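Several structures are given next for inspection.
In the two complexes below, chain A is the common chain; its partner is chain B in one and chain C in the other.
Right after this comes the complex of A and B.
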């Protein structure tokens, strides 16, 4: 019986029965009354927009695209997709210079990397922050991620032969953060996978996944990146390799946003792309073993990033952390940290961003862990800046615990 | 991934099953396809005539305080319904006439609380009523977006400013013996309803609002937190799509998010709810259960599923999966050996009578007992 297929509406919006459950879980609605809320901005508004694009409202920009409305929806309505798709379709305003800068993570990374010490010094200065606040409206309270002098790609390409010697190979979509800001996470992944007998390869020149371009109105660039990435990932998959990731947001973008928002078909690669903790979990389940340090002890609190919650894969990171001998594990309540990528960097969103994250920050302070674990780099910046607690990717914690 | 028991459905029935099994030291996972019927919970578990003590304990351990007192409770439109075991903030009365003079307090701009219907209903019982909408500056920010002035939004503010409401009500009170307030208190801070009762020198009755239900969301959050604290795996926003079954024995479940990664277990509990939760689905020809293809009780002719008069008894509302006496659902007439159906998917309930919560608890505990009493458990 395929009746439903013939009546399916775009992003399933006809399935909305107006139960209002999504409004109870929207982090923005709790702090920003200018935002009309997921039900109004999503399925309700869509009805009006279909009638006349006049009903598109600028306030849709306050949506963080955290997808918590979709996770909560009992009727499988793609609420956040509806909102982002409406912004792509109807918003005629050009992205500001600031938004272009914030969204072009790989372009900025390749510019800044050669001058990393200077750039890091300058962006850390109070006077720079004041200037950026006044000119570009990037909030002065934000701490910028530091750039690394040597890129991860360069580090790994020097180890090509050594990695090729392992009996099994995977390709790694490292993303901009690992490449330009924090190569150590990539090195940790290589350590973990090597310990499992798996060698790590680069893709044939990946580009930024484009998530920040999508939310900042740079749809064309995002689509070009999507087409490129699907092609290079497809090449690795065709050669029989899985593609692993360490960022939940890159993963969600490639798996879900490419087909649902950008119309880029990823069917050939979708099931071969997975977050590293899932890959490791499945390896261990099939009998692989890891040797752990006997003296490792850490109190770890795991924060499920919004996009990990949407992927439904937080369980793999949780199980991996729980399995490490010497880890005292706490699962934090699933709450948004408030940063949502570039969202919290914008001056107009700073206060809302911090208010959204407050319950999470309070819970972290109460638990007082040695380290907060999470699979998202922007959550890491936000939690470190707002609580002072160190944040690490589960893969880095696993790498540290290995013999 | 392997568990002792995999539960499909994260509402009251699924959470009660999961918590009970985790307490018995069994590893479980709950697959929850979005949020659940607890978001429309009245706060009363009506059908429980005698309360199993372990159910009260289970709720208490999760931080949910209840009281048991067979009687009636006030409905959102001013009618009354029999009730027994209820959340502490739901008032239970021996008879519908619970006071003489009643002050009904609401908030300016709040459309999800039916104060005039309430007054009409109470006046029918011989009470006199006065309605007063409070004008609180602390709620003004919500009025900027009138469609979003909902129970949960107000409740978030009330967790912080409930004392202001107490002060305002104390000033308003003349000779009334009872104050009726909307159920917008104690979303995060569960002590708030009790403190409001202490602070107001009259009987305080909290009456239901339009959804989402604040006591319901609080119950959901506390049960889920308890379940996760006991080590349970709650897969939020995932959907069980198919199952691997051989000779009436379920081996694993396939989900939308975990695709090729199956959830294996020795036992399975189906707590996927009724039509609203998509535990049951319908098309023009039949009503079916989507995960296992179980036998569903139904009239063969679609015209007999419903009654043309909207407000009369609707037969489809009582449809559910067929089971044997041990709650094993039937597939092509034969019972599934390690699968149990619990909660609203069983059918036979009357949602308009509010009996679903009682059924959820009873059937969940029955299934858990059977799983734990097996020799290989």
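Right after this comes the complex of A and C.
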């Protein structure tokens, strides 16, 4: 190699020109003065941390990992990765019981599912919320997602033969939310893909993508999940199938966080994993057709989740929605809803979380849509709780519009 | 007693002058230090910042090696906030003679330097950036030292002991009565104001510029300026000092210091006229990167921040006019004995590492001449700021939960970090984002450390030393200086000078991200701020 032909640094921190665009775009910094901001916490702080881990600052935990700094950065500095990597490397505080509970989405899901009606009833009670607030510091204003009595995995495995009959197959990384809380989204995806002549299969026992474990300091568990998921996705890919998803955050985690934060090599599967709207869009581009209900009419406002912006794929969901006859489409301004997964559930973050989301909520109220479309389940909880408007995945809206 | 009369005048605000002033002041003398520019502008601030274990000199110059290791251990005690106890490695690469290692280790042991041969595998684990092809490694107690901080702390302590300091003040001539130096004529280079100061002894501690001062006094010292060029990399690649285990040569020391690491040096004889304007040549840059990458391969693809060069004050050991007999050791000349000129002492040679010993020798000479019978205390008394062993301890004592900037301030100022004013949130705002320097810290440097320009501030606080090289901090700090001086016009010129000086260091390595950043800086200052 020629000397100084190019320069490199961890997560590109040396590319930072100090332009401060990331700081201007950071939603947390606008509402929480205790947060040092992405530039200071990321590339600036990294130089000090390389000197001595002593310079690691606990306030880095206020980062939501929304990645808006990275989208804004003109120099391709992986600002959020720097911050999360620093937390993984230097934060020696053990995750609290609350953080473990919030982060173990699939474990909690498998526990709650058999008793779903009871669990749903209990978590909905005011007294439970007060108790959780006081004991675990889970904010009392939060509404817990309801659990479903039957898992999506069970529903789909009963249709294995029927799905195998389609000429083309994809595997579906459904994620915890679809499996335990909202199987309907998975069913909607199956309906859409079947209409395109594509059968849907499960992976060979997927695990939670681990995003909440990463942000809650459970790196070892997250790494184990990552290795497992890369292996099972790899198996599907090796058999010639694409793998689709319906959650933008699961997708980002598997594609980006696995190699960048957990050091898990996903090169063999990365390009085969994509959000379902992109898969559908590409199918339609190549000539596939869908038959729509003639009587469908809906005013849809699309919120691009931060992680969808980071993936650069918001455009696919937008195109799909715009294409549906009878959809009156509005693209909402680029704003963070403020929940950032488990972040907004924590009592200490609740106020910041709602303040961050306020501009988005205001715009939704002004537009007054029939439904808000969005590819992220936690954005959905946040928007539904904060505005009262129903939120649906673009795939569900598409499924509803099909004949 | 007249206000311009002192017991001793020290010319030169480098580490030797500052150390000598501290020693003299601690022995009860009334001292005045005169510096034509700012603290640590010469060789003091233009080297690696290596806390030598002495190992580098062990084979060829055992006397210097012994001095180094003794002073090394002393500085760890008295200057903890200026020193990083990083440890160091002397590595043997495949092209080096492994046989030298034995000679080296034996010489180290003779000089009293702990030198431990370690397995190359252990070396790779201790210092992951090291060239993995190494075939041998020796561990020595090297470290790094911040020369600006060390110089400022010595001067501050001298002031706490009643010493006076005149910066940006030039000695224009000597007040001589017969064969005795009685004092100096000076001119303030900022205000043009002229003043005379009197003392029975004047110490010439001007490094390479000492020859000129000696000439003004009417005596001759044979000095030989040797330029050494260095490169600053934008972040720490290594956390231990890396040296080549071979006969000392070019670019064979890589020192981690604060947020950066520094490779050097070269050695070129230069004419005296060039001492004030040394520039780094493309050949030197190439040599430094090439050789540096042999020790730590990552250097070939690590962003470079700037290039700079210093001038070593090599002195002929006696009156040898050919200059062949050059010493790197300490030279203290009592010109009364040597030249029959009373009241004039030159302290030179030596190195940053041995400044305290040089100061002790010079002060002993001064005390002998003044017939003052006081012993040196500088080896045992911590410098102001160094009363705690570590910055962790400092930060914990001052703040319950220190911010990033407060942690950084504790590392820079030691216990003196407690003197930073934090009246309101503005004092906590950042001036320098790269190095985390707050408004309070900059104001403290203006008020208590005699900083009058942006460059002075840089040496005392590290503003402008980070990756942005002054892009954001310069105009903010200029605002504080303008407020302190009540003059905007002058500060605008200072700002332009500062940016020009930063560019001077960027220019020799002006490519890649550093060039991009420099262009951005120019865009901000020229096109947005209209400078």
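To be clear about the criterion, the second predicted complex is superposed on the first by the 397 of 403 C-alpha atoms of A that agree within 3 Å, B and C clash if a C-alpha of one lies under 4 Å from a C-alpha of the other, contacts with A are read in each partner's own complex, and residues count from 1 in each chain.
Criterion: contacts are C-beta pairs under 8 Å (C-beta built on N, C-alpha and C of every residue); 3 or more make two chains touch, one makes a residue touch a chain.
If you're wondering where the values come from, they're calculated on a predicted model, not measured in any experiment.
Contacts of A:207 after superposition: neither chain B nor chain C is touched. By the touch criterion defined above, A:347 lies against neither chain B nor chain C after alignment on the C-alpha atoms of chain A. Of the two partner chains placed around the shared chain by superposition, chain B is the only one that A:333 touches, whereas chain C remains out of contact. Contacts of A:35 after superposition: chain B is touched, whereas chain C is not reached. Legend: residue contacts after superposition of the two complexes on their common chain; A:285 is shown touching chain B, with no touch to chain C.
Using the contact criterion defined above for the overlaid structures, shared-chain residue A:228 touches neither chain B nor chain C, since it reaches no partner. When the two structures are aligned on the shared chain, A:45 is found in touch with chain C, with no touch to chain B. Of the two partner chains placed by the overlay, neither chain B nor chain C lies in contact with A:191.
When the two structures are aligned on the shared chain, A:8 is found in touch with chain C, with no touch to chain B. Overlap of the chain B and chain C interfaces on chain A: residues 1, 3-4, 17, 19-20, 36, 40. The touching residues of chain A, counted against chain B in their complex, run 1, 3-4, 17, 19-21, 23-25, 29-30, 33-37, 40, 70-76, 271, 278, 281-282, 285, 309-313, 315, 318-319, 331, 333-334.
Chain contact summary for the complex, chain B toward chain A: residues 1, 29, 33-36, 39-40, 141-142, 144-145, 147-148, 150, 152-153, 156, 211-212, 217, 225, 228, 233, 235-239, 255-261, 276-278, 283-285. Across the interface of their complex, chain C is touched by residues 1, 3-9, 13-20, 36, 39-40, 43-48, 50-52, 54-55, 57-59 of chain A. On the side of chain C, the complex with chain A involves touching residues 234-236, 239, 256, 258-260, 286, 289-290, 293, 300-304, 391-392, 395, 401, 403-404, 407-408, 411, 430, 433-434, 436, 466-468, 471-472, 511-513, 516-517, 520.
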